[in-house]
């Protein structure tokens, strides 16, 4: 049985998603088609990379992930199919795979060439579905296209570290359903650079000296019923995807607002971590121990 | 074959829903996973209860319903699994089950204890999925946790009745996709208290003395083509879920507006029903017979 | 295995979709239920027709398409089931089928009569699901209702052509997820009337003399990296559904805006095509060759 996931910026109103699913079922009656999301902000590759990285691993090995974001074919924007971490990805070569591939090298990448005669403004339907069904039936990547070794890199996804290793300068790469603001700074990188030193996180005019591992760790109450006192408090957390996140406890974008609206943090804004330098002469800033 | 439904406030953009589905399929290749909704207003338990109550019964007996709303574990917010009306529910013990359990007693409730060592900010993925797959494979609730007899009650869900049984004071518990305003006053309670008496419904500055059973009963036209004359008319109806609803005929929140916007009714606003008192001396108010 | 699709204006927050799916699975454990969309603007029949026309064909023959838009039963709004192009449709007889049936005649249409005793404000759940499951199990349309020959026509869906065949006057029938503005003028009709003549498309205050077949045909760059210069350019295209569309290159309604917001084009606005008349004496307007 084939598991085929869809990650697109099609939205859920238009006919695009229905047409794609129908085409897959017409080829593969038994396929399991799973929507990862169709709500990617149009053409936003960073969002796509973040969402895909945090969801693909849950699926059974051998799953096929179709990505339909900014996928119109051009000389600058080839179509590729690849095997990485025992999962198949079919996507444009526009950098979105680099967030996943930054940790795990692809086993094989091919540039899709089966569609050289297809002029299409809807390549997910006209090309990607064919490729997915071909792979699902046991077809080899080599038949789909010619092997390539390089793929586009998405530079903005990597945070910068200063020379003295006292600062990680990251950016907001995603704002989630609760308005939580997610940076590109991973727990792994934080620990590698920080080496247990105390630190200060700076996000706009806001400072954090503690990073939680659960949202409700902020609640430090003896008496049942006091939980609500903490609603609306800001906090820094390593989220379930392993990234540094600025959150508002029990926030809701639609009503009280989330970290993004309440703290004025937008996509691409800088979030940085300053570590206590190893030779500390004066230290007037507030620094705290890692929890 | 296992039917597993998802009711969450995750939204459909983030990776959360995809990750949860992938994890279920990795355990249970044949599972049927059905989205009830992921659009619950963040942390809104009343909405969750209303939606779950009105959808779970349609599913085959033995279905497993995962509820991911306000589900982070704390001393105040335990995780429970229960069998009720031949359906399984896996959810936080935050009151949401009380709307369903107000009519049908749970057969068995356990407090989930298999995760005592899991520190997780994403318990639906890390805990609820495991529990659901365990139940789907025929596992017993007793293995998952220790049996408990009590669960949290959600008080605001129950309307009040005055001492002389002439008034039901309810609240808006839900606003639907059309902007229709749904109260917590059920047809059952209305009939039990009303005993066939004439009545007046009061919602903000608006009055209703008739309750319809279909929206287009308001259209009383002889000539085909006059239906549109009634677009935008306000009406009271017992909706398909059996609750008293204030609606605008053929409304659309996005364009002309719905009852919520046009009549100024918000979540938690009071909607009351006044019945004619049994000993009527003076009666100056307008009362009508129940249809 | 039965493929059953859903196209509704229910939205994805309320319990309606979940209830319908549960009811189908309770009857047909093996059904494949596919959401085409639940985001139709409430009661909008033109949108429904456009989306359905562009998605149903992808599905395997014999698929059953449930349409829940403006489906409350009345004397003016019968329920019908039909076989058309080897697909089954279950829907209200409110004109939505006429966009599909304008090109292909239905094989058989019946007026559903099995529900004559059902008073329901939720006919999709109470009636359409029953009909769909009956058909999926091999039941005959004749058992569901009495055969009829006529169905409601939706007039606004057809563009007008002037007597001298120099002008097609169409309308905006749909605005998609990217803000692209889609007219009811099909490529087929354009070619039939235009007969290769040069033309001018008029949409509000905007003119187009070229129609692209891919969005990025507008990019005419030698150097890699110049693609972004074209972001925000307006263009006319025959979209993947075969209709004339006014688009903004790489637009996004949520951020920079789409053709609808940037060019001020709304649902039902006029979009027309003027062809060079065959006997050309004076021709001061700008006309271009069809690409």
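By letter and in written order, the chains are A, B and C; residue numbering begins at 1 in each of them.
In this section, a residue touches a chain if its C-beta (ideal position, glycine included) is under 8 Å from a C-beta of that chain, and two chains touch if they have at least 3 such contacts.
What you see is a predicted model, and the numbers here were worked out from it, not measured in a lab.
Steps from chain A to chain C, minimised over paths through touching chains, total 1. Matching the C-alpha atoms of chain B with those of chain C calls for a turn of 120 degrees, to the nearest 5. Our note on geometry: chain A versus chain B, Cα centroid distance of 33 Å, whole angstroms.
Of all residues in chain C, those that touch two or more other chains are 12. Considering their complex, residues 9-23, 25-26, 29, 41-43, 70, 72-77, 119-122, 125-126 of chain B touch chain A.
Against chain A, in their complex, chain C makes its touches with residues 1, 3, 5, 7, 12, 32, 34-40, 50-60, 63, 176-178, 213-216, 219, 224-225, 227, 237, 239-241, 250-255.
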